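In this document, chain identifiers A, B, C and D correspond to the written order of the chains, with residue numbering beginning at 1 in each.
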Amino acid sequence: METILFNQIWIIPLITVLACIPISASRAKLLRGIHTASASLVLAIVCFLTYRVYSMGAAPATDAANPLLLRFFIDIPWLSLFNAHYTVGADGLNMLLLALTAFIVWAGVLVSYNIKGNQKVFFALIQILATSVYGVYMSFDLVLFFVFYEMEALCMYLMIACYGSGRRDYGGKKLTLTLAFGSSMILATLFGLYFEGGVNSWSLMELSKVTFPMEFQMWAFPLMFMGFAVSSSLFPFHFWSPDGHSSAPTAVSMLAAGVMMKMGAYGCLRVAMFLMPEAAKFWLPYVVALLIFNVVLGPFIAIRHKDLKYITAYSSISHLGLIFLGLAAITPIGLRGASLQMISHGFLTGLFFATIGMIYERTHTRDITQMGGIMRKMPFLGVGFVLAGFAGLGLPGFSGFIAESTIFIGAFQQPSTLTRFVTILAILSITTTAVYILQTANRMLHGPLPQKYESLTDGCFREKLVIVVLVACLLFIGVCPGWISEMLDWSIAPIFEKFL
Amino acid sequence: MNLLNCLILAFLLFGIGVWGLMRRRHLIGMLISIELMLNAANINFISFAYFTAHDSTAGALFSIFVIAVTACEMAIALAIIVTMYRRHKSLDADQLRELHD
Amino acid sequence: MINDITLSYLIFLLPLLTFVVNGLFLGNRNAKAAAAFAIACNGLAAASAITVAIHYFCSGYAPQKAIMFDYEFLPFAGSLVAKIGMLVDPLSIMMLVVVTFISFMVNIYSVGYMREDRAEGRFFSLLSLFSFSMLGLVAATNLFQMFIFWELVGVSSYLLIGFWYHKPSAVSASKQAFILTRFADSFFLLGIVLVSYVVGSFDFSTINALSLHAFQASTVNLGLCSVSSAEALFIGSVLIFTGGWGKSAMFPMHIWLPNAMEGPTPVSSIIHSATMVVAGVYLVARLFPFFAACGDTLTIVMWVGAFTMVFAAVIACTQKDIKRILAYSTLSQLGYMMFALGACKIHQVYAVTGWTASTFHIFTHAFFKCSLFLIAGSLIHQVHTNDLDAMGGLRKKMPITYICTLISVLAISGIPPFSGFFSKDEIILAAFQGHHYVVFAVALFTSGLTAFYMFRMFFLAFHGEPRHEGVKAGHVHEDFAMTLPIVVLAVPALLSGILGKGLFEKFFVPGQLHVPQLLKLAHAPWIPFAAIGVAAIAIAIAWFFYASPKAKVQRALDSTNRSGIYKVIYHKFYFDEMYYAVVRQFIFGGIARVSRAFNDYIIEGLLAFCVWFIHKLGDLVRTAQAGYLPFYLGTLIVGVLLWRFFGQLPL
Amino acid sequence: MSIPNYLFPDILLLIFPFIVIGSRLFCSTQSKVPWRIANVGFIAIFILLNLIPLASGEGRLFISNWKIDDFGVLMREVLIISAILGMWLSKDYFEHSGERQQMHQIAEFIGAIAFATFGGFTVVSACDLLTFFLGLEMATIPMYALTAWNKKDQLGSEAATKYILMGSVATAFELFGFSYLYGFAGSLHFSEIQYAISNGTNPLLWVAVLFLFCGIGFKLTLFPFHTWAPDVYEGAPTPVTAVISVTSKATAIAFLVVLVFGPLAPIQEQIAPLIALLAGTTLFVGNLGALKQSRLRRFMAYSSIAQAGYIMVALLGPATMAKTAIIYYLFVYAVSNYLAFFVFGIIGHYREETFASLRGLSKQDVNLAIALAISMFSLAGIPPLAGFFGKFHLFFSGASTGHYAIVAFAVLNNVIALFYYIQLIKSAWVDEPEGNLSPIRLTKRQRNVVILLSVMVVALGILPFLSNNVFAGFSY
């Protein structure tokens, strides 16, 4: 029963899209209703399943086909021509990521009620994007994984270029092509994994039993890791995200920064590091050097920017750098911290982009030097933004602090010189994060109120609901992190065992 | 009169055809040089059939077929060239410049 | 021992409750209800804290530590577990009492002070958040919990200093305060990570029980260099102290504190007396055995404290903004506390009198400094300016305030029998006993300065002729809600010294030290008299300049046509300017600009080059497609040759 | 002798163009009879083909010069599908004259297509060089005629001239290669050639191989023999372009498959570098050329050049895998390509076929825009559309013999491909139209075909029974 529900997570969005085909685009109200309903339904399902996974813990180690002890595990042949299977399952990590996605998608649907243009197509694209993300997190078969992973390219360009703002075509192309570049690197290595593995299977469980020849790993791992890292905007492949996010519509920025950028890090952890641990041990200490840009220089660049979305994009870059710091630590705490950061940053950046989008809808500018004092006119949105900022600078009580401190402590356990050095830099750079966040909040919300903003209104119920829910998630993780880290630990254990 | 000479002859013929193709700007001339190249192939077939091949009828047969096929190919080519001429009033290959990037 | 644990829960939960209720529900609906609720809750919290304290000290259990409750918050590897708990020992109990009591007083006071403000409700909720975070900090059982609440203290101070967010000065002051403390906190966090990595635990009980001999063997890689674990611990302790350095606004990270005066006065008073700035001192006091074990850390502490003490006192002598004078006096008092802690180190051995003295000073200082700020607030409320120019002659108008002010000023100047005398005397004594004669001299001198600038403020504010039209016209009255806490606070300002002395000497000793202790201390009965003498002389000077019949008050007040040295001091040694120069030019203009340029020109440039290059290749391909038939035919021939030579066929 | 039933489709296809053309003699020019006959005939052939049980070994006929195996059957299906779609696409070019010239003699047109298709049949079922050569010519020569179908169209005749001149040169190369191969093996029959090769090689063989690849490289538009494609694609009428891009490509690749896995099988290892080079250069050049196009058919020409390169990658694999991959990909490619051409054709009714005339399509008829996007993304190989799975097969086959480098290169080229496909989508979805748009009306046939093809493009990949049951389990 629960297994069936689990598969509904990615089926329901597609069904929604099909169901909306006969409805004419002019009946926007109906369409919005349907999509909101389906998103909420998925959210409910995911929350229930997350609770179940939490309460049940790992599956009993009876099924030999399921060494990762996944819940809701299904494995049925799909494309027999190249032994692709439909293999899905849930452990703590991807269940939590699914929950994150469900929340962000739900919020994304809610915030884009009054988007310009053909809403029928837009919501359909959102649902397809949601499907792809859900699928990526669910699937344990590499072909299935890649199919879902690459599906995003289908939607992103159209969503950004047709519904975005600013240099939308440029931003959309940059984003889509860079991500496609990354996934092509992944695809190239996937074939290598299949044929070098020699087990005639794409399933992660089967391949994880194989020890790949070192000379293969030495070139395959960097290629694959970088391919995944592109979508997590690891330096030097970060350039797509500021332009992409700034030109995308609110919901797309939320989805892109909130969940899509996590897919890369998830892939690094779940596929690249899991399958090729020996090469990972060799390469990751060098990867850390790249993080100096992400973690240390990213905030500085954010300081120099005036556009809210650019600032947020660079803050995302620095936060995702922390994820990689946690991964590169190759310690249980580091990996857990990285996963925590994936989840927490998802909510955080979702909240960020949501509030920014709402404020932008009212002020029609994202230039913080143009704004000021709007806290008085829209206290709710202002408070939402400030809370997002506090969560971003790692304030205790919010999930960000938990994730970051876990990453720092975990990364410090890694004795390699470079990692230690970068970790110290990263810890010291929490100040810069504070600088740009406070500077943004002060310029935008505080100070005297310009004449032109006298007529601004505060958020409506729908928007308030989104903000409240996201803040609640941040606080919930931040105040009682015990259960989530417990869920993550048993999910990460098999991955870490490969490194012992 | 041995195989090698025939092959060399054929190759020369082929080369002449290529040369003509490169030099000529007149469509008919080009067609003729292409004919040369085709016939070089025919000579190959015949000579192989005559000297080495154990299945010697096949080669001769092939060359006959080639002649037939080439004939109809040339027929169509001439037809097209005629329509060309109707449009362009010239048979200069350099004139064909309307389709390009 | 306390048998009833619910009280100790109440201490934390009531302020938190206030924050939540006022913040979410009452705040923007009904300010009156919010105020009432806040006062009620904080009063209850104070009551329960005092009850707990009485229980604790009366039960024979007294000086030992106890952990009331300790919940597992976030488990890391093995014994490295972040906990949230409540540690009970004389120090924390004392702080609990002080914090709850002060915040109760400030809440009452705010009713009067914030009466006209629009966002009263928000104010009360934030105030409660502030005291809640401070309570969590002082009750911390481990470094991690301490850091959590440390950050919360920082953010609530940010919110309160910037409470009037439409005032740009307030906004920038709050930002400065937060970022500067955050800067220090980053080192604090690094220290925590480093120490917990070496020690394998966050708990104070473990960390304070260290002796470095166990750590000589192993080495720790610090990225740039590799040091032995013992040195790593020393570095860690210094880093942790850096956190306190920033929070307690020690030189050179002091500039945020005077600027924080932009916030509402009740906030300044609670920041300066009980909550925020003493956190640094409390941190050092709490980790004292660890610092002592780490060798030279305490020396650093001492010198930082001593310098800040005299430095701030000097500046305070020239200021005219009444709140800034008090701010600098706070700095110098904090310096006293810091260096007292540091002064416990005597070459290789240690004495604990300084520790007692410092905690004692925290205690006494809280009361009179709080009341001084409240007084300053009510003065400002009357004359609507912070400037001493506009004051004077208030003695007649506000007699009660006058009396209370006198008490507090005497207390801070260290005149017996007022509270400040006892604690400060102890501190100076500690410096003497520690053979730190330079610091001792400085401290003595500073106590003189303290007396001087406090009385300068006192005389200029209350004596002489009224210089303010409002005061002349007599639109001055004493608001009940604002006067009551002042009066109430005057009592401990007067008595806490005498009463507390015995208590502190009996119970207040740091935890088990793992370093050689100096048991027999040199005793110097003449020190109190010396201190009193210096203070008396200073008061006399102040009286001569500012209150004597032939004092030229006007001349004393105008800051123009003064000597260079005065100007330099008056402008706080131009520290703010230096800061802005560094931050603007170096950080924003330097690193940030360079890194953005690197990103925008190098990375994006490379990207653009790749795109350009591919398009160029595309143009190449398309130029071949000139539609030129002979060329096309040529490509056929060329193709054959091409693959003949490059096709790798075994020809 | 009795004719085995699996030969019926071929025979039917051989005779029914005569019926179609002949029917013109008995009815008026405007009558629908030839059209109906053509439809019935093609669809009948398609059904008959589907009735042939797969995995039932191979049959040889006519002194064992005509063999029919699973590969042949499936290739036949591809060719027939292409022919049917081309016919449907061409239909309203004969009825409707909008922007462009009206075409005439639909019966002959369809007959030509049928002959070309039969040429394809011949190629896939040939067992000796002679049949092979005849099939190839039969598939090519009608194309020359089709290209010049619009006698009044200047571009058409120019394109045809270029096409036939270069084509004949290619034929000459082909023949030269054949002659050397014949000389090397002493026989025309594939099995004997293969036997001879497996007994040892000499330069004669390699010259033959070189010329064969160069000759077929022309038809498959491999680099550097691709130069004709853009001009011809642009000059020819749209339906002819579509037929060329699918049928003649399918025939050519079938030719290579038969050659490489038939007579040349023993030296596949040695010629692998040549194949890899051809593939790499071709797809790179094709992608580069398509970057800055403004005219739709020219754009499609370059895109199909690149596709040819991708197909070549599969030739590196073992026989079964490569044949599977190539057939599957040809299905997908045919469907996606025809979808694109149908949309272009509909646009071309009212405007000239350039990127600019696609502008505002999403505002005007969003379904058409969606169909266009689907076909483009499928050609670009974005999952879950069929194009992705097709390319996946190709790369899978290529990588299975360890040619990771060429596979990686091909995969990276996908990014460039995606770029220009997105360019086209951009002009349909993003760009604002200048001036008011002339209305677009779809006939029932067009709408149905577009919907059908879109559904196929979406479904062909993800639905397992299609790929599994149809393409799995070959027996060669």
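Here, a contact is a pair of C-beta atoms (placed from the backbone, for glycine too) under 8 Å apart; a residue touches a chain by one contact, two chains touch by 3 or more.
What you see is a predicted model, and the numbers here were worked out from it, not measured in a lab.
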Labels of chains that are neighbours to chain A and to chain C: D
Between B-C and B-D, the pair joined by more C-beta contacts: B-D
Computed distance of Cα centres, chain B from chain A, in Å: 64
Intercentroid distance (Cα basis), chain D paired with chain B, Å: 26
Separation of chain B from chain C, taking each centre as the mean of its C-alpha atoms, in whole Å: 96
Distance between chain centroids, defined by C-alpha means - chain C, chain D (Å): 78
Set of chain B residues in contact with two or more other chains: 21, 30, 96, 98-101
Where chain A touches two or more other chains at once, by residue number: none
Residues of chain C engaged with two or more neighbouring chains: 622, 625, 627, 629, 633
Residue ranges of chain B in contact with chain D within the complex: 10, 14, 17, 21, 27, 30-31, 34, 37-38, 40-42, 44-45, 48-49, 52-55, 58-59, 61-62, 65-66, 69-70, 72-74, 76-77, 79-81, 83-84, 87-88, 96, 98-101
Chain D - residues contacting chain A, complex: 324, 328, 362, 366, 370, 373, 377, 382-385, 388-389, 392-393, 395-396, 399-400, 402, 404, 407-408, 411-412, 414-415, 418-419, 422, 425-426, 429-430, 462, 464, 467-468, 471-472
Contacting residues of chain C [partner chain A, same complex]: 28, 72-77, 80, 82, 144, 147-149, 151-152, 155, 158, 162, 165-166, 168, 171-172, 175, 178-179, 182-183, 185-187, 189-190, 193-194, 196-197, 221-224, 587-588, 591-593, 595-596, 598-599, 603-604, 606-607
Contacting residues of chain A [partner chain C, same complex]: 236, 238-239, 297, 300-301, 303-305, 331-333, 373, 375-376, 379, 390, 393, 395-397, 401-402, 405-406, 408-410, 412-413, 415-418, 420-424, 427-431, 434-435, 438-439, 442, 445-449, 481-482, 485
Chain C-facing residues of chain B, complex: 18, 21-22, 25, 30, 93-94, 96-101
